[in-house]
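One structure, pasted below without further comment.
Chain naming follows the written order as A, B, C, D, E and F, and within any one chain the residues start at number 1.
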């Protein structure tokens, strides 16, 4: 996204000017309008995690674990923010090399109120990026909900942020090796959704299923909470994708249009599938399809048009629906809140299919062209495929290792079986969600 | 609103330039600040529907129907968005004639990232308008809640959007016959609230009351949800009315001021009436008065001042309170969540009274003047009255015909009586809202 | 904040130009970008009160009083808005003298759509300030929740707004005597949090504890509601502190960065303290620490850097945690929802400590310098201390007198004991929160 | 004295109470319960995970009556709660050895 | 053995439990119920639609006791739950034929 | 006929129902209750205010059975609900004088 879009103009020089040495970009002037929009977008993306995603997830668990999910999302928000300030931003967006940034921005040093990144304050750029660094580990929570130790969860999320999220961000948005290749990831299909989705799948397998899965029914305790959270995610996503234009202009507007259309189409498609297949469309299905549509359009949102978005939303609904059934019913993996089939699969789908719908030659389904120097769907597709595969492999291995390490450090990743039965709210936090 | 405000300057030419052929408006430059504010406003108006309105309504029904209301709001959001993209926007804002637009913008064709509408991207204008096209049919949900078939609801909403909302929008904001007359409707008193309110009344009558109405008590199942939704509506309305200025300037600021004042005064008035009449002010009363105040100020929000807003809010409280009592207690019509007495009556009141408080000669209650070429309250009032009456009549007839048609297509508009008793959540969506 | 930051440039003249006689500031031009951001910020700050703070508080009471808390927050919103329009803004920001404004802006007279305040519309500045005038009395609700008469509450809040909030605002942001001294209060540590916190303590003492306190357990009835409200407060605070820059620039960006960091650190610290002290970190603890971090950074948010914010958040967690324990366990004062220990103590802490971290000589913990003409931590600190002490004393005395007056007028501040047992929802509002 | 425990469909509660009222019985204590029996529940699907809801919401009425009221009370309940559909519920009768009104200390039929 | 079923006002629950505790009875099972009786409910208004809430929230305590404990238990409940206001509730006593503690299989008074 | 009232731990509900099913008893009425007994609750802390939750969530099963089914039903419950930990719960048996199926008016064992 951020990086990629500008690099198309004068690849290396702009890169240096805008991102690595922003304080030197004296020639550039602050653009107040763009700043206003990114300030807003930052609030919107934070809103996605708290309370949006927290509610979306918390409504899906059993009522004895509702606070534990909220607590995980909140604690991750705090820890990720502090880590991002201390070292994360610097390692992700500091110049460094093709693989990792450097320590030039540790504690946001060198970032003054006047320092710019492009034509917005660098403090704002770093803050906007912080909200992405928050939501990504928070997404993984859905995989290990209702059974992971709070201490292990915290340690895992912090390490994972630095070891997985930060380098991948550098590769794609920080001028790293995938950026150099011309990969397309407007707002985080690879950086956010694939990393989170794959980590979720690995975590679900390593932790094992919840006690009783899949024989015992574990229906969502409060679907109204989940739907309200879904609504907030939808709205917040305007900041996620629209803000990734880093400007208040037609790019941002079109990003919002395609985002919205894909969400609508994803939800509608999922609804229709359930209607056909099970006889009744469910509200949970509709909002799941919506999230699938949003996740899938994310990497493509700056590169495709409304027609493309319609197809992307349609495919998101079909593919993510099938993936959900497959993981749960066939593989019987307890990725409890379906993080991988929705975000992981959606992210993969979107990161690949952007190569098609970015094409300017599809009539009403056209997009806005390929990366600099690339002239065909196949050309763009192969770069996207390289990115997808390498990030899947890297994330899977790194996540596995981190989990094993954390397990060793905390004496096991899971709470003990009795606590799991009684619920994490009381046993881990000495609280109960509801006393109605 | 959008259209009307500009037409005052150089009526036809500007109209052509800004709205019908925006891509030709090459002379105009993108205004980043206005774009930033309308991007934000778009998010705010979507936020009004999901989760705002959905929560407001869902809290008012019985707990066995809570998900069905959420599902209706979500499904309408999806369907209205897709229809707006495919054909709705083009028919509403395409040049066309005095009655309807054309097909020049089908699938947003001709809208590029650089295309402007006035000084903001046309993609953004179309998207902002899309959020209005979403909330209008969603408002009607309150009338047929707890008893309408999901399939019939979906079909009705889609057809109604194209047959009622789209042409009325064209008449008023798309340069149609009412626009030509100089009608005032800043943010949708006629376009949104009267159409939705009247359609609600017709739907309530055609569908008939809920089983048990009015003898059985049907208290709101979760007023906290309703109040939270009300808060979101209030905040979101800043985007609805403030965004309708299509600029980040004093007009937007003043629109927000009067919106806020009318809401405060509407809520306060309703509260006081209940206090006097029933001995106790209720929270539901307060938020209902707030919505009445918001709905009533909507058509007037760009034309009146804070003093006028105070009076408008006061009248909104009094008139909508009386209307609610009348419809429910005297006429015994089961407009279940009071859509007509609040939105319909509020919309009518506001659309007429703007003719008074737009006057610049009322001292502290003055507004910002009449439409171009009109010089008296009576002059403006007669135009407003023509608009109100014709839109009421058109909406009522069209809604009735659509309902009959949908009924024929879906084998009856209502779920069967046993399903109604058991609740729509389980019978239509195979889910339950709460498993606390 | 607003005032203070500009006064540094050319103290008195700018003051006159920008704030007292804004309509004369003809030389200044509207800045659309700043307007866009303050429009957004205004929505965000309203969002903090409704539904944010209302949910935060309502979740903490027992379910029989949930609507009464919502109702109090909503009614205060209405009344404060109307009072602000009628006379509050004029008395706070009208030129007047060192102690109080004047009547030049009564009913916003003289404020046209073109009138500017600095480079944004004055209508917007007045509206933005209105949202601060709403949240401050609403914060006090937490002290007398579950037992105060609705009529007494309404009367108290209205009078308190005019007698306490309005003059203090004038002293600090309206060019009054503390402004003249060069006091630092970027977004309302003194104006908002100290006044509300001290008033809360006084109200808790004057009203006396809830029936049963402290022997009977009164656990929060819905912590999920509280946490969701907390999330909204966090997001909305970006508008509160970021908007107080009155511009979309690096100052706003940095204000958001330090706000976010302090919130994260406050929450994290509280969590760790509970973990150490009680064995388990609680979600309620985490969000309380977050609010403490936010309240504490508020006065400092435009003057300190991210390093300073980290320390401020840490101290907020430690100090406010201790204060909570002390008030509740040692003093046994039933400040029911801990308004004083969190907001009052946080506000005091932040208002004093800004004198340290504004210093430019603390390396990575540096801020952006002292007020005009002040050159040392001690210098700034003594001004801050004068402000803190005088506002505490003034607020305490005035609040006490108002409460006694209101008590006389309404025949006692509390509902009768039976109504308290049955709950305020039914006895004061004839409603119940939940019929699940 | 006898204690009647009746398990009926929730939407029949008002009818039953009215029928009891008509024969002069105003005191009833009601509990929301889950019923398992011949009548089957339904299946809910959450993202494809099946969840068989095998209980049905019912309400339980407990009514203390004097011997004389017993038969008319039973008849009143049967008549008003009957929908002729499976799951209409049951009536159980147990012997009540003692009844006391807390407010007054009255016992026996007086206390009903 | 006897089964005492007491219906009392919710805010009296703690007092009753304490009173029972004082006479050596620690085991109680409590259910939230809706009570209909002489005491009248209230009317709620939702946008002018009246809703008569004719039930009152009550709690039901079930206490299995030995014959010897019966009278003191009844006295304890009456004393602690009494507010001298209408709606204070009732006590019902039925005969218990058998009591079993699931954990140990103990029966009779042992199992209480 | 007898009425069995069993108080068990919530997570054992499914096991108990299955065990009853296995011996041919399908009808059960279940209530969520709060239990007080030997087993202790826990303490919750809200911003330092201690709140002793001294009750434990339990479920109460009511099962009407014929005399013949009584013993096997009791055994089934004891076996399936037993975790050998304190708080496993109790079984109470009372005499049922009458049972009526509302739908058909059948009485006695037929009605079960």
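In this section, contacts are C-beta pairs under 8 Å (C-beta built on N, C-alpha and C of every residue); 3 or more make two chains touch, one makes a residue touch a chain.
Note that the coordinates shown come from a computational prediction; the quantities given were computed from them, not determined experimentally.
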| item | value |
| --- | --- |
| Touching chain A and also chain D, the following chains | B, F |
| Shared interface partners, meaning chains that touch chain A and chain E | B, C, D, F |
| Interchain centroid distance [CA atoms averaged], chain A/chain B, Å | 34 |
| Distance between chain centroids, defined by C-alpha means - chain A, chain F (Å) | 47 |
| For chain D, residues that touch 2 or more chains besides their own | 31, 44-46, 94-95 |
| Overlap residues in chain C, where contacts from two or more other chains coincide | 31-33, 36-37, 40, 219-220, 222, 248, 278, 282, 284, 430-432, 434, 436 |
| Pairs of chains in contact (touch as defined earlier), listed by label | A-B, A-C, A-D, A-F, B-C, B-D, B-E, C-E, C-F, D-E, D-F, E-F |
| Chain C residues touching chain A - in the complex, by the definition given at the top | 31-34, 36-37, 40, 44, 62-63, 219-224, 227-228, 230-232, 234-235, 238-239, 242, 247-254, 256-257, 260-261, 263-265, 267-268, 271, 278-284, 286-287, 290, 305-307, 310, 364, 368, 434, 436 |
| Complex contact set, residues of chain E against chain C | 11, 14, 42-46, 53 |
| Of all residues in chain F, those that touch chain E in their complex | 2, 5-8, 31-38, 55, 58, 60, 74, 77-78, 81-95 |
| Residues of chain C defined as touching chain B within the complex | 30-33, 35-37, 39-40, 42-43, 46-47, 50-52, 54-55, 58, 66-67, 70-71, 74-75, 77-79, 81-82, 85, 107-109, 112-115, 120-121, 123-124, 126-127, 130, 150, 222, 225, 248, 428-436 |
| Sites on chain F touched by chain C in the complex | 44-52 |
